[in-house]
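Okay, so subunit A shows up in both of these, paired with subunit B first and subunit C after.
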Partner chain A sequence: MLECKNVVKKYIAKTAVNGISLEIDSGRIYALLGPNGSGKTTLMKMVAGLIKPTNGSITYQGLPIGVESKAAIAYMPTETFFYNYMTVRDVGRYYKDFFPDFNEKRYEDLVQRMDLNMKDKAKSLSSGLAAKLKIAATLARDAELYMLDEPLNGIDIITRENIITTILESAKENKTIVISSHLVDELEKIIDHAIFIKNGSLELIGDAEDLRETKGKSIVEIYKEIYA
Partner chain B sequence: MIKLMKYELRKQAFSKGIILAILALLEIVFLFGILSSNEKVLGLSIGFLLLITYASILYVAFENIITYSNDLNSKRSYMLFLTPRSSYQIVGAKVLTAGIQVLVTGFAFLLVGIADIGIVIAKYDMLAEIRDMIVTTAEQIIKANVDTKTVLLIFLLLLLSWISIMTIGFFSITLSTTFLANKKFKGVVSFAIFLVINFLYSFITEKTIGGNFSETYIIMNCLYTSCFIAITYFGTAWMLDKKVCV
Partner chain C sequence: MDFNNNIPIYIQVIDDIKMNIIKGNLSLGTKLPSGRDLALQYKINPNTASRIYKELEMDEICFTKRGLGTYVTEDKNKLLEMKADMSKQLIEDFIMGMKNLGFIKEEVIGILEKKY
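And now, the complex of A and B:
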């Protein structure tokens, strides 16, 4: 469903993504792994249409990234990005106005589950609560592809489990989830595929079970082997 | 597009509330001056009302440019650029919202001004001379065949000029973003580009249609300004679509 062909993103002083080619298939959970600065976020932002590749092509369902792909892909950035005036309720209304796949009822459920209050101002939320709000808004969409950039960052261990459960609920047959995280051990048990990125290049990609069998190691151990 | 415009207006609602509150306060002071026949208070309130009128119209126009800059250069940009809307719709919504705001603000202050002048003239008989002078001037204008069409054209030119300032602002900010990314001096570069484009626009207009104020000049100027708005609008949207990373 998503195809990256020799994607390059260069800035003046550095190359953030260096010729990545990969395919993301429908109905799977992918972990996008790599240390800080490896190019995970840049790659995700290119797929979300926020960053333009310097070279190469990205297509979603055969079409270049654009209005159609934005309607089908639910991207959750790592940063907090809501307008200052917005309350938790306003965020839901905004998503409802722009994303036809947004489910208001599910948003209300997620807000409740994440211990958020509809009347709270988004800008005054703690980093943990702000992360929960991003998760709630993103997962309330009935998207074909979810891309979650560091969804577990700054979140306590109890809430992490809560979020992982919520993510798994969203994982249905026709849904694809790509999660980037440093917390590899948290993802180990839920992913179908692993993508390892190092210095902007694709280091290793494969079915998680196959990788474990081939290497005789867990994903966490493979991660350590690649990046240590 | 309507939804984008709704959120553009919502983003700038706070400042409009402040302007309205200041206007209401000054109107109360003005009415107090009228009712208490306190000429000092009245004079002061009229002075401040004139000041707030100019300042508000200027602020409303430039707030749109500031909002655009913030939308492009902060993480808030994701709110706009993650939505399934084309950059042409996004910029279009901003331009239309800006135009509507300038129009509504200008019209609102004009109405308040007319009402206040009426109240002052009604209160002070000695100002009847001023009223007569205004009426005479208006009659002379009518006699001089300054028809409604010309007046409307002047208003149209004023509105288009304001909109062009905003689209040039959008264009300058977007252009600097394409090659300066998140550099600190980007704001200065944007302002320099803004000044250069404005100078070029004035230069081209001056050299081609001259400065002889006539109906033809106003029509030509409207056409030039409309073309300039179109060029800067499409240029901005194209750069956002193809070149800008947020």
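And now, the complex of A and C:
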């Protein structure tokens, strides 16, 4: 469904992504793993079409990243993307203006499930609630591919579980989800595939259960082995 | 349920389901949750959930009624067989562990009689 071929992203002072080739199949949940600065966000932003690769190609359903892919891919950045004056309801309207696939009913459900209130002001939200709001807005899109950049970062354990359950509920058969994280533990049970990135290069990619079976180790242990 | 992440998730859930059948929490012929609901119940990947049902079907512990869902086997012998398999595994692990600690058979039997 998504294919990266020898993708490189160079900035003036450093190479963020250094020749990554990988394929993402439909209907699966992937963990994109690696420590801070390994290139996860850069790779996601290239797939989302926010930045362009210096070299290599990225295709979605056989077409280069562009208008069609952007309509089918829902990307949630690490940064907060709404303005302080907005209420939770405003964020929904704002999203609806941008994305034709935004489902208001689904947004309402997600907002409720995440213990948010439509009347809450975005600026008064705690960091946990702000993170939930981003997830609600992103998952309310009826996209094919969801890319969640660090959805669990800086969030308490109860909220993490809440978010993970919501992600699982959204994982319908035809939906593909890529979750980047350095919190491997939380993702261990819910992923099909793990992608390990190190210094901008692909270190390992595989079916999570196969990796556990062949290595006799958890994804967390494999992570430690790769990055320690 | 607490998982041991070093062991494939599907194996652990299969063991948990078998245990529930043996204990009678899931009686013979009961309808099991859909793959998606199983995934939510155990908070696991939906594809892992379908794999679990596939494996359980292969072992004839479950069967699928087309369009209706997955059910626990109605075969009482299957239950006894599962119970025997699981107890065999437990006993083998126990014996191995006791051997490693240096106990001989008579001592083990002695301990069992006191503790059981």
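Quick notes on this one:
Everything below uses one rule, namely that the second predicted complex is superposed on the first by the 227 of 228 C-alpha atoms of A that agree within 3 Å, B and C clash if a C-alpha of one lies under 4 Å from a C-alpha of the other, contacts with A are read in each partner's own complex, and residues count from 1 in each chain.
Keep this in mind: a contact is a pair of C-beta atoms (placed from the backbone, for glycine too) under 8 Å apart; a residue touches a chain by one contact, two chains touch by 3 or more.
Owing to the predicted nature of the structure, the values given are computational and were not obtained by experimental measurement.
Superposition of the two structures on subunit A leaves subunit B and subunit C fitting side by side, clash-free. In the superposed pair of complexes, A:E209 makes contact with subunit C only, with no contact to subunit B. Figure note: vertex subunit A, arms to subunit B and subunit C, all at CA centres after fitting on chain A; angle 160 degrees, rounded to a multiple of 10.
In the superposition on chain A, A:V67 makes contact with subunit B only, not with subunit C. By the document's definition of touching, neither partner reaches A:D25: not subunit B, not subunit C.
Contact with subunit C, but none with subunit B, is seen for A:K189 once the two complexes are overlaid on the shared chain.
In the superposed model, A:I51 makes contact with subunit B only, not with subunit C. Legend: residue contacts after superposition of the two complexes on their common chain; A:F98 is shown touching subunit B, with no touch to subunit C. In the overlay built on the shared chain, the residue A:P77 is in contact with subunit B alone; subunit C does not reach it.
In the superposition on chain A, contact of A:D115 is made with neither subunit B nor subunit C. When the two complexes are overlaid on their common chain A, residue A:A171 makes contact with subunit C while staying clear of subunit B. For the three-chain overlay built from the shared chain A, the minimum Cα spacing from subunit B to subunit C equals 28 Å. Listed in rising order, the residues of subunit A touching subunit C in the complex are 27-29, 161, 164-165, 168-169, 171, 173, 185, 188-192, 208-209, 212-213, 216-221.
Listed in rising order, the residues of subunit A touching subunit B in the complex are 11-12, 45, 48-52, 66-68, 70-71, 75, 77, 79-83, 85, 94, 97-99. Partner subunit A is touched in their complex by these residues of subunit B: 3, 6-7, 10-11, 13-14, 75-79, 81-86, 181, 242-246. Those residues of subunit C that touch subunit A in the shared complex are 3, 5-10, 39-40, 42-48, 51.
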